[in-house]
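Pasting the structures in now, so scroll down.
The two complexes that follow have chain A in common; it is paired with chain B in the first and with chain C in the second.
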Partner chain A sequence: MALLPKDVSAADFSAALTKFETAIGQQWVFTRDEDVALYRDAYSPFWGEPDERLPSAAVAPDTVEQVQQIVRIANQHKIPLYPISTGKNLGYGGSAPNLSGSVVVDLKRMNRVLEVDDKRHFALVEPGVAYFDLYRHIQEKKLNVWIDCPDPGWGSPVGNSLDHGVGYTFGAFRDHFGSHCGMEVVLPNGEIMRTGMGALPGAKSWQEYRYGFGPSVDGLFSQGNFGIVTKMGFWLLPQPESYLSGIVTVPRRRDLIPLVEHVNYLEDSGLIGQPEYTSPLGGGLGGPPDRALAALLSKPQWPTDAELDGYAQQKGVGVWSVTLQFYGPAKTVQANWEYAKERMSQIPGAQFRDGERYRFPLSPEEAAKVPHKVALGIPNMAIFMIGARSPLNPTPQDGHLWFAPVIPRTGEAIFEAQEAMSKVYREVGVNVGGPLQLPQTWHPRTFVMLVGFPLSRSDPQINKRSREAFERVAQVAAEHGWGEYRSPPAFADLIAGLYSYNNHALRRFAETLKDAVDPNGIIAAGRGGVWPRHLRGSKA
Partner chain B sequence: MNRVMVTTLVILVAAVSRGALAQDHVQQQQRGRQVFQYWCVPCHGSGSGLMGIPYLPGTGALMAKYQGTLPALLEERTDMSPELIRTLVRNGITIMPFFRKTEVSDTDLDALVAYLTRNNKK
Partner chain C sequence: MGGRREFLQAGLAVSALPLVQSAFGHSGAPSLRESRARATAEALVALSVHKVIFDVNLPESRVFAREAAQIGLPALPFAGGDATDLWYHELDPLWRRQPLAIAGLTRFGPLFVLERLAWDRGMRVLYRAEQDHSPDQSVYSWVIGPRERA
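Right after this comes the complex of A and B.
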């Protein structure tokens, strides 16, 4: 046994492990080095270095009662625990804890779909249920609902939403925590609590009315460390009759400003789902830009609007496109597309092209052919194309470190973010960002200017450069009023420290709660930048 | 019991055992196929990937790696050793992470090995 939790004696740790084995079965307590190593973060930015966050052991309960027993034993012996759902939060920490030496509570075995109602449109699931599992359950039972899933389908609705994960379909469903309704939580003292209507014994609307009565506390359990969530409800989309996409292309760089305004109007009016911005000038999955464009983009001075517009005109393409997605009855999606075209024709030179069209339900064969499956709530793993070896990318990386700052939903903010952040990336020597970078539009009300810094399990210099880029750009972003919506454990303190309004009043409030609710500091120490009193201020 | 009867009995027991073993092996391969379908096919199956690219990520990776000298689809391979499969599942490679035992148990990994090596030359 190579690692002990901080301030825990070998005797106490051993006694706790023995009690864990009695509580959940010896085969579900993992202590051998080769088993514990499977809980490392495969995309750790400190892979193999002293600062890598490593667990000491792992336990895998099957029931809520077993989770309670684990928490009570941990309290007796002051053992730090770190719960994971499916443990696939790659790029944001994977299955590894914030505090080295924590015992991972692996909830993968708790994988029951407890309820799906396709008349009232909700689901209730355990943490080990993956999006793939929930989707299959719905398909097998031919239920009339959709899920909203993130890019990798092996994630968990519970875990993803608790880390403020996001998806690709319609409106608020894309905000996975925002579309949750009702939780069951094992508190740090081992008690079970249900939130919202779940606090009313025999409640008939636990998954439908989020607030119940009194203070709403659900948010404490997202990016937080106040308990272990063992059940969670989610609102689902009723399956629409049809889907239609349309592509709008505008000719000039500055057209992005009115383009975003029009799209905001359409989305906030409930007429479209997730808008997806791209640049027809190249890059992305279509391979690197051609030599002339690459030279233009890498000029020491930022390329001017006229230069980019001229290049686009010469190539006969626009500078920006947006794909609009319409969900609903066939007649209304067509009418909404016509309205969008009419409205956006106000941008001189705007061009419009019909995209894909589907009627639901799709057969499995039809579903398999959909190019952007997550837009239809179909979980898959195609996103791993990014970074993987492929005919277009002969030199794969070993992972990535997501940097995910939230910026306002305007064209002006995109331009400002492109320039400010790319300046840092260039200085550090990381090839991301640039004048064609566009935001992620998962959140219905903001943009995320996402970049993935490359990571390596064999070259620490690559990781060092990516860490340096992350730290510097996070500071620059904060100076502009942009903060991360999510962070790997290695940077949680940095990011939480930047949310410093009124002398860190928010963090101090969370710490006050932490001391009261979890006096032994056993649950997910450091998650969200919130540490228990005995570890506060120390570099854990 | 005379010698003939003993010999017959031994042969019968051996035949039944071989039959049971073969049956076990078939069941193990069937389980291995299920494990493959659940955990591997989303990246290593056939079909189209992101935005209509005509291969999935794992299949595209092996296509680029082997340039046609070996099948890009794992189910078509006949050269992978049990050790290689175990190493890849428990250690990962490039962006493919490793898998915990709550995901792919040792028993399921044995089954996966049995399935992916079913066509190997003995």
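Right after this comes the complex of A and C.
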């Protein structure tokens, strides 16, 4: 046993482990190095260095009652706990705790799909249910609903939503925390609480009316440390009759501004699902190398808009494209696509192309051939092939550190973000496309200018450079009013510190709550940048 | 248990050689090749390996599947390194029913994914070895089985 929780004696730790074993069974208390190592963050930016966040042990309860026992034992011995659902959010911390020495509470065995209603369109699941599990349940029972899943789809709806994870269909569903409805939580004192209508004994609408009565506290448990969520409800999308995608291409760089405005209108009117912006020029973003374009983009000063427009014209392509996705009755999606074309024809030179078309349900063979499966709520792990070694990628990285600043949903904001953050990216040699960088559109009302800084398990200098770049670009972003929506534990304090309005009033409020609700500070110390009183200041 | 693990590791490390060599036409003398094939069989049998996984795009992995078949082990193909179908249609249903060991010769990516998914079903990597023999890819031989066998 190499690692002990901070300020916990070996005797106390040993006594706690023995009690954990009595509570949940010896085989579900993991203390051997090779087992505990599985809870390391596979993409840790401090891999193998003293500052890497490491757990001391892990426990895997099977029931809510076992979770309660674990929490009570932890209180007796002041053992810090770090709950995970399936711990798969690589690039944002995986299953590693904010506080080294924490005992991971691995909820993987609590993997029961408790209810799926395909008339009222909701599900109630335990935290160990993976997207694959919920998808399988729906498929096997031929239920008339879809899930909205992230990419890759190996995580869990509970864990992903609690970390503000996102998906790929309609805005109301791809904001995963936004589509939750009702929670059951084991509080730091071991009590069970239900939120929303769940607080009413015998409630008939726990998964349908989110607010119940009185203060709504659900948000405290997302990116928070006020309890362990043991059940969670989610609204589901009724299976649509059909799907149609259409691609719109515009010829000039400045056309991005009206393009985004039109797409915003379509999305906020409920006519389309997730829009996906790309540049037909590629810009080195995974497409085949284009030496002439690379030379243009690597000039000390970026190419002018006229130069880029001219290059696109010479290549016979546009500067930007957006894929629009329509879900619904076949007649409706076709009509909506026609409307989008009519509306977006206001952009001079805009071109339109039909994309994919499906009618549901798909057969397994048809589903297997769908190229962008998550757009149809089909979980998969094909994304792990992107980083594989290949002639185009001869030295694959071992992982990445996501930097995910939220910016306004306008073309102007995209240009400003490109300009403001590009200097840091250039210095660390990360190619994000320069004046062709585009945002992620997972969140229905904002853009995320996502960048993955490279990480290595064999070269600490790469990690050091990425950490430094992360810190600098986070600062640059904050100076422009852009904050991160999610962060690995190693940067939680940095990011929380940037949300500093009125002398950190938000964090101080959370700390006041933390001290009242979790006086021993046993639940996920440091998560979201909120530390218990005894660790505040000293941190990990 | 350490002795058992060392035995298995030694057996599999030896066994990987003929697989790789035969894939590239360096299979050695027949007697040597036979003895190595026996080592493969002994190691897989000792671990009670239920099936083997092979990547249809890797020549050495296809050889691995053929040799496994010679000792009566069924081989599951998967293409392109995406482990989705393998997990969803084969391994997850299998491990929900029974914690059986599987062996594979794949690239790093599928192993990375399968190791984490297997842990969710109480299984873990019992053995792994990198067979880095090609300039553009690393290939690993591995066994995933019930944690209590580790």
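In this text, the second predicted complex is superposed on the first by the 524 of 540 C-alpha atoms of A that agree within 3 Å, B and C clash if a C-alpha of one lies under 4 Å from a C-alpha of the other, contacts with A are read in each partner's own complex, and residues count from 1 in each chain.
One rule holds in what follows: contacts are C-beta pairs under 8 Å (C-beta built on N, C-alpha and C of every residue); 3 or more make two chains touch, one makes a residue touch a chain.
None of these values were measured; they are calculated from a predicted model.
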Practice item. Report clash or fit for the pair chain B and chain C bound to chain A in the combined superposed model. Key: clash
**Study point:** chain A: partner with more touched residues, chain B or chain C
**Key:** B
**Study point:** Touched partner set for A:368, first chain B, second chain C, both or neither
**Key:** both
Check your understanding: Touching A:380 in the superposition: chain B (first), chain C (second), both, neither?
Key -> both
Practice item. Figure out whether A:38 sits in contact with chain B (first) or chain C (second), or with both, or with neither. Key: both
Review point. In the superposed arrangement, does A:397 touch chain B (first), chain C (second), both or neither?
Key: first
Review point. A:276 contacts which: chain B (first), chain C (second), both, neither?
Key: neither
Check your understanding: Which residues would you name on chain A as touching chain B in one complex and chain C in the other?
Key -> 34-35, 38, 42, 88, 108, 132, 154, 368, 380-382, 384-385, 387-391, 394
Point to revise | Partner chain A, residues of chain C touching it in the complex | key: 80-85, 87-88, 92, 107-110, 112-113, 115-117, 119-120, 124, 136-138, 147-148, 150
Check your understanding: Quick one: in the complex, what on chain A touches chain C?
Key -> 27, 34-35, 38, 42, 86, 88, 108, 111, 128, 130, 132, 136, 154, 368, 379-382, 384-385, 387-391, 394
Check your understanding: Considering the complex alone, what residue numbers of chain B touch chain A?
Key -> 38, 42-43, 47-53, 55-58, 60-61, 63-65, 90, 92, 94-103
**Study point:** Residues of chain A defined as touching chain B within the complex
**Key:** 30, 34-35, 37-39, 42-43, 58, 60, 87-88, 90, 94-95, 106, 108-109, 132, 153-154, 285, 368-369, 371-372, 380-391, 393-394, 396-400
